[in-house]
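Take this structure, written in structure tokens, and hold onto it; I'll ask about it next.
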């Protein structure tokens, strides 16, 4: 994958059901982006450029897959790309889109499209790996540029990228934040995969679990902690659900290391 | 107390402890689907100066480091090179497998405590190798062969999953032909054309004849193997001090600092990787 | 007029946020079909909000759209606070205004310089401009970087801000950070002038269609964060709670997306609507920009939306500076830091008002409204979000219907470009609108 | 001259004088807790503080530390610039000073870790003696780290009407020459006075551990298979907070960070934690401490047994941080007391 033949690696971006916030992160890269462009060529980035191409090495896929048509499109992308990277919470774990699964499709339609007589195509929100094979994951809602760069570099030099298997707390403590639990608040950090640099706790908010539950989360331990802090079981599950409902509803787990 | 005089932002040489020495791959050989053999020489021509059983930290910049045992003997004719054999299991090892003759890599070490050569001298040696365990043991075997008159009888027991997994097959036959060296091999499962033993390695032990008063057993293999082999060896009457093992743990620094390889109070990288069973017995995390 | 046949289908319209198609069908010189289709997957945010707490509503709704996340946050927080009966402090209001200004400037700048300017300069994207207008492109990139840094300081990040939540901020800027903010903003004065200069040289199409303009208005300020609804067709103020008096959502047979109208068949929201309605309330710097760019109210040219955006950039910059100066003078009260959720000792007994709350905010693309009905634990039982882009969809269609026949003598390529430019002029944000829009493929 | 005195209202002035020559790091408030941080204005210092979130070990073994740089296609590391400014660590408690001593032993144990060594040499340690317990988590009385013993350049003791500074190194003596300080004429008297003070202050400190210092190691020797570990393991969420905040936890990971243009990069180390799943996992997936209970046990044994075998020293300095920080309420005091009870009952 390296630039041995001095051929630039061609990267294409695609988005599905999502807010496009993760793609937007890349526009904040600036000088770094320029450095990266020495090695890669961006051939598809709908939000910024008009040209399109089907000839690419790496496909960075953002968003959850919902409708039949999207399914076909992502399969086509998989066919064209050597490497598929799921980019952002919606693509990696379903993210907030999963919340829709609290309702049946019909219920959701009734709530949002009351009085509509025309047909409406929707589908079950799914992380990308539920539809096609994913090679690497860049988690987060939104993704963190530092991690994105780290992952892209690692993938480009051929070592691949494995996101941390430890919880957000690890990064949080290294930053010497006052733990939210010590401020009488509750946090999802202990069961959430790190890699964001404890973004939210560093700014005084709780971790909402956007990077997905750990492979081996201490769910019982975290539940005990929350219960001790006066949360009911229902409120507690809600906390886990914000980003992780796709996984919690028993859809295919994120595959372990590739 | 020492005087404290350091100036701000002083540049210090990257310390040799953490900085690899430059080396070049002289020769490679694909041994099996997953194992590759490398002959490596330092660019400054210096010998590695290892003891059998010691290991090095290999380094590919940008990818990282990994510990590997040295599989050549310090008595090897061309002292300016050494040999390793690595199984592809993860990121680093995959990157290493992509390297070939002429490629450069970094080497730190040798590290750790090798096999207790001085104690083995003058005694019989029973070598028990499971799977990849033959790799570090090869350096001991070759050492013994080169210093044959220093040692008594040598028996080699080899075990692996399937016949195609056997490493150093050409050399093994040679070892078998050597005076005073006997060897037996077994596989866990085999195709019908396999003529050798079938079964786990422990099944070979009851059949070997050893003089329990003058035999050391040197055992290297996957973690699961040790418990059973040790039980068999104890049955043969060997004492805990006569059983020598080499352990594998996650490692980062190789210097007894980073903590990854710790087994109870022992650091595998510094106190080991070779231990006598007596040293490990009773340590909850060792075997 | 020519007897032309024309079939234009721009799939996956680029340089807008979200997925949209433009379909134009002309037969023998007569317009058969002309619409902007929204092909983004529906995401059902109103359903997702059901049974969630007001303390996470802004976190969830910010994910409606990455570009407009700050706007959604603000509308959501205001709806939550309105319902639950929390009143933000003066300091909180100022900081929220500041954040909203960053968002507006960043969004307008991106749109004006990177999405519209290439069209006006005849380039397919901003990348070729790197060689022709390198200094300017780099300057705008630098400004964008600054906005992202400013947002980082105040909100933790630009996309999906972290520190903003009902009742206040979870982290307050340090004095050093405020000082740095001021330094950055001061540098932007000169940079903005360069942008204005660029726009004096750009030629925007001269197309006009009179329509109704809708925006918030406020007696004391140019309305962004607070205000009541008004339009150019009515002479009264409508309380946000009564937004449905103005914003009538409806389904149309030719399109599967929800459109909005008031008295006419369509109306427009966004920078042009705001400047048309609230011109008086602009600060002098913004008015000067309006003069420099030949902007006269009322303007009926939708392409002038971009110019209105540049005018607003000036307003926001100088208003932001005033806010920062004020905060530096009075100092930040750090006791006002709030927790994003009630603390664990307050939580089991937490009670609030159970009623409906509405948050109406002017975000870059227009009036954004969130409406929540909550129970006394602050749990949302019903939610509705009214998205600016949606409100503009009917107006875009009608503009196209008027414009296409006027330009039929041009080549297909030119027509396509103009149609795209028209849609882009509205700066539509389709991710946003798609939380309730559908997909339909025209083959 | 080993002792000097300082008027109580002159502490800030003293810090100011230090700032002329050194970067001064001291305890400052962070929300409802404290951290060691560089101070610009001495007034920022909170000299009455409970142990900081992270111990001062971060100045000797930074969370992230560059080991060297490399350029593409070369295989050895280039010269590296480690940023060690002459620093004064001001206001360290005796327990933290003992923690630094523990780190010192590990990193000086052959082979000497060059980076730690360099940093250690560049920091002057000015301690501040505790006269009352920090909170209900500290066990410094039992761990015998309550009184200044060694490992500092200067120790500041509040003797009521003024501060007494014990100058314990050539650097300390040099600093003690400052005109701000008063003379202590009778050194022997002062020594006795301090001894008496230390005896007296003991009554302020509650003994929280049921075992005494000299019993502790024996209790651990018998507790390897205790049920207590299972209880602890059940609660633990493996967040790694306890090891990050521990003044004597020093495990680290090493990783390579490539530059964006791929022309080279850095090899760095970062704090690691034995509480994390991956810490003892090898390629292929075998984890030698898979259970949370075994990882917790490992942590405790590194404090109360393995370190005794290796260095003849407890590696718990009684600062109470691990208990304070643990969101799962795993308490060192409760754990050790539970082991103690088990052992005593067994007899």
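In order of appearance the chains are A, B, C and D, and numbering begins at 1 in each one.
To be clear about the criterion, contacts are C-beta pairs under 8 Å (C-beta built on N, C-alpha and C of every residue); 3 or more make two chains touch, one makes a residue touch a chain.
Keep in mind that this is a model prediction, so the values were computed, not measured.
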| item | value |
| --- | --- |
| Relative to chain B, chain with the most remote C-alpha centre | C |
| Innermost chain by mean C-alpha position | A |
| B-D against A-D, pair bridged by the larger set of C-beta contacts | B-D |
| Length of the line joining the C-alpha centres of chain A and chain D, rounded to whole Å | 38 |
| Geometric centre distance via CA averages, chain C-chain A, whole Å | 25 |
| Cα-centroid distance, chain C relative to chain D, in whole angstrom | 52 |
| Of all residues in chain B, the ones touching two or more other chains | 62-64 |
| In chain D, residues with contacts to at least two other chains | 258, 262 |
| Shared-contact residues (touching 2 or more other chains) in chain C | none |
| Contact pairs between chains, per stated definition | A-B, A-C, A-D, B-D |
| Footprint of chain D on chain A - complex, ascending | 2-3, 32, 35-36, 38-39, 149-150, 153-154, 156-157, 165-167, 169-170, 173-174, 176-179, 181-183, 187, 189-191, 214-216, 218, 220-222, 224-225, 228 |
| Residues of chain B defined as touching chain D within the complex | 1-15, 17-23, 59, 61-65, 89-90, 93, 104-106, 223, 248-250, 252-253, 255-260, 262-265, 284-285 |
| For the chain A and chain C complex, residues of the former touching the latter | 15-25, 27-28, 30, 46-52, 63, 66-67, 69-70, 95-97, 99-100, 102-103, 107-109, 111-113, 115-123, 125, 141-142, 183-186, 199-200, 202-206, 208, 229-231, 238, 242 |
| Touching residues on chain C, where the partner in the complex is chain A | 12, 14-15, 17-19, 40-48, 50-53, 56, 59-60, 63-67, 69, 110, 114, 124-127, 141-142, 144-145, 148, 155-160, 162-163, 165, 169-171, 251, 253, 256, 337, 339-341, 343-345, 347-348, 431, 435-436, 438-439, 441 |
| Parts of chain D lying in touch with chain B, wherever the complex brings them together | 67-70, 72-86, 106-107, 109, 111, 113-115, 118, 121-124, 153, 168-171, 224-225, 250-256, 258, 262, 264-265, 267, 269, 272, 274, 279-284, 286, 288-289, 294, 298, 301-302, 305-307, 309-310 |
